[in-house]
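The chains carry the letters A, B and C, assigned in the order they are written, with residues numbered from 1 in each.
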Amino acid sequence: MTGWRPGWRPGWREAAILLPLVWLGLFFLAPFLIVLKISLAESILAQPPYSPLLVWPEGGGWPALGARLDNYLVVLQDDLYLRSLLNALRIAAVSTVVMLVIAYPMAYAMARAPRNWRPALLLAVILPFWTSFLIRVYAWIGILKDEGFLNHALMSLGLIDSPLVILNTDWAVHIGIVYSYLPFMILPLYATLERLDLTLLEAAADLGAPPWKGFLQVTLPMSLPGIVAGSLLVFIPAVGEFVIPDLLGGSDTIMIGKIVWIEFFQNADWPLASAIAVTMLVVLVMPLVILRRGLQA
Amino acid sequence: MKLSPALLVALALGLAFLYLPIFLLVIYSFNDSRLVTVWAGFSLRWYGQLFQDAAFLEAAWMSLKVAVTSATIALVIGTLAAYALVRLGRFRGRMMMIGMVQAPLVMPEVITGISLLLLFVTLNFDRGFGTIVIAHATLGAAYVAVVVQARLVTLERDLEEAALDLGATPAATFRQVVLPLAAPAMLAGWLLAFALSLDDLILASFVSGPGSTTLPMKIYSQARLGVTPMINALSTIVIVAVSILVIGASLLAKGALIKGEHRAD
Amino acid sequence: MGPALVRLEGIEKSFGGHRVVDRLDLEIGQGEFLSLLGPSGCGKTTLLRMIAGFETPDKGRVVIDGTDMTGVPPYRRPVNMMFQSYALFPHMTVRDNVAFGLKQDGVDRREIDRRVADILGLVKMGDFAGRKPAALSGGQRQRVALARALVKRPKLLLLDEPLAALDRRLREHTRLELVNLQRELGITFVIVTHDQEEAMSLSSRVAVMNGGRIEQLGPPALIYERPASRWVAQFVGDVNLFPGRVSAAQGSGLTLDTADATLQAEGAPPTLSAGSDAWLAVRPEKIELFPGADRPDGFANVIAGALVDVGYLGNMSVYRVTVASGATIVATLANRRPYPTAGLERGAPVWLAFDRDSGVVLTA
């Protein structure tokens, strides 16, 4: 491995490594440890609104550990949190699958399009991503509400008599997630499909396989890495989504991201919010880590 | 390469789906009426109203400042991290750096938001412009690292070795060979971090302080009250501005590519 | 060979537990053209990179021009390298590429311009100074890479598989150019190659490497005509090996009993005595072929066989002959007369014949 060798102009290599390491360590890693610490505390009326980790006794001596697992008990026992987590997982999963169904043909079409179309197609898919996420979600409010564009169009076409209630329901949240994250599903799929060696398909056809079989047995399995990458890229952030359920969902659409927000900002219960965050992290990240180790094996 | 009609239809429908809301937003920003269902004629009044709203203008300015600053910091950190991971071989903390550079990409923002806020509270940092910049820079660095890493990986090691062989120190090699060749990717990374910062709601909400309201925060608080055409107008401006930027950037990139492709034989 | 410019002493290098260079010693003389020849994985490229400074030996010393340069980074060595991929900086013009090294040294700008113009003229790329590498052909890029490596007047020039990427015609042309250039500039050249033709046609000395060690070191003719071992004999060119036992040894000549015939050989190592095992290595072009039933006269060694296959290559033909022991002997003959292979059939009886000094006796 080339690059630097120890002894060559010492200092540059170390600097290049240390700066990002320190920054990320301080502003990414350390905060998580703090979340963990605070999740073990108790919510109190003070600034900051949580009890300290180490309680120093009056007469001196060793500090006692002021850690309590109460918050975790609340999270695991109170129905609300479990429900909202499962809800979030469900909505994210359904949305991911719908996205896959929409994105795959699009990515496939892009991968097979004439070469000089592709940059334009890529641009067309990426452009919405660059325009504000918030704005695009907001746009759906105007479309899905009772007096919104969709209902207006459907009613003036005579397809329905009274407006469909879509806004402030789970349906709207699904639509919102699918819409917002779609480019993130298309791109990895496209990247994988584009690199696919079409001669393999030709070989399959040559050996007598009909096109649908060729697809099922050659294309689909070989595009699996793209499917997995796209799904993960979309599923995990979707579970923790806050903006979409808040703007498009109803009061009964509780997703875990919204719960964290409410506990933090409305109830000012930082320790509880931290505990929820940690639980969320464990539920989402653990399978990922295991999956990774499994893939590497 | 054959493109069956079915696939073409799927692609067209998908693209229509992607662009319909944007299209509607733009149209209705010019609607003289408040209502989405009635077209009352072409009007620019909402744009007028927008430019007179001091709160909005302030928030826009704040967002711009934050975006430029955090994107630049993100560029430095992300590029260094990418270079370290691709070129500097095995070093202590490499595994950790890989994790820290990839995690922000998939982490739900509420978690990063809450953790950063708790950090600032613990350290007694006053929350405002600085803390938002730190939050956005940290997230942006991860995206910059991905983009720059992808470019560096295709950069042949030979080029750096050739520079070293010809008498350039590692630092000089980085400056004269790696940086110029990675520059397009670095620019793309900067733009990505810039767009992310400009658009971010969650992190900003968690770590901002009094007087440091960003544009998304303002839009959000307004949007919760319902659809206002003023937001449509703002949205249209953002969409048009971003579209010009992105299309312009990609045309530039294409032009650069074509120039380098003249061959003699 | 002039005084030693480079001395490699006791070099050892391992990668991931695998020994790539194994206790190697080598001296490279001032002004010589040395080839490191060997199959892939033999350590030749690693050795080259250790001379350039991209790898540090685990053990041993690299001494360049009297100074111990083990561990000295490449940018401080009076050595320059021409990479197999040429490694031209794509974002710089030809002129800037060639000037790069001089710029690092802080040479005066006018001096840089002069020297760059000179070297570009020498490699006949003066008209392309303003172009970028993407606008050049493969051969042109190589010349620029060469100019860039030479403009700093290094004490030693390293070339990594210089002819590998070129087509046949260009290869011959470039070969001549390299040889002339080296002679004109007097710089020591060291090349790495797996192609024995490249090595033998370019260099004044060849180091044949295998498994991290130098199997044989010497001028091309020596390597080819007097290989030190069966491995070298088989790697450099084609060879027929006759295994046998020495039945008599007198002075430098000996008699070898093989399965097919009793062979007479010259130039054997004097330590070889009767009763030892040995091989006689004879190159295909040293063997004459006589079709027909009559035993040819005037040759010390004659073996009977049957023709298995003839390969007509235009300028020469390759004859494959099975002999009594079952082995296949290969003989190549120049097609001095038109249609020499006409009338030869598979299975036809033929005679193989060669002289006492046509082969070399090997014990390793």
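Note that contacts are C-beta pairs under 8 Å (C-beta built on N, C-alpha and C of every residue); 3 or more make two chains touch, one makes a residue touch a chain.
Note that the coordinates shown come from a computational prediction; the quantities given were computed from them, not determined experimentally.
Central chain by Cα centroid: B, whose mean Cα position is closest to the mean of all protein Cα atoms. For subunit B, the chain whose average C-alpha position is most distant is C. Centre-to-centre separation between subunit A and subunit C, using Cα means, comes to 59 Å.
Centroids of subunit A and subunit B (each the mean of its C-alpha atoms) stand 17 Å apart. Taking each chain's centre as the average of its CA atoms, subunit B and subunit C sit 56 Å apart. For subunit B, residues touching at least two other chains, in rising order: 161, 169. The set of subunit C residues that touch two or more partner chains comprises 54, 73. Subunit A has residues 2, 8-9 in contact with two or more other chains.
The residues of subunit B lying in touch with subunit C in their complex are 156, 158-159, 161-169, 172, 176-177, 180-181, 260-265. Residues of subunit B touching subunit A in their complex: 1-3, 6-8, 10-11, 14-15, 17-22, 24-25, 28, 35-37, 76-78, 80-81, 83-84, 87-91, 93, 96-97, 100-101, 103-112, 114-116, 118-119, 121-122, 134-135, 137-138, 141, 145, 157, 160-161, 169-171, 195, 198-199, 201-202, 206, 216, 219-220, 223-224, 226-227, 231-232, 234-235, 238-239, 242-243, 245-247, 250, 254. Interface residues of subunit A, counted against subunit B in their complex, comprise 1-4, 8-9, 12-13, 16-17, 19-21, 23-25, 27-32, 34-35, 38, 48, 102-103, 105-106, 108-110, 112-115, 119, 121, 123-128, 130-136, 138-143, 145, 147-149, 152, 179, 182-183, 198, 232-233, 236-237, 239-243, 246-247, 257, 260-261, 264, 270, 273-274, 277, 280-281, 284, 288.
Chain contact summary for the complex, subunit C toward subunit B: residues 52-54, 73-75, 79-81, 83, 85, 87-91, 100-101, 104-105, 131-132, 134-138, 140, 148-149, 152.
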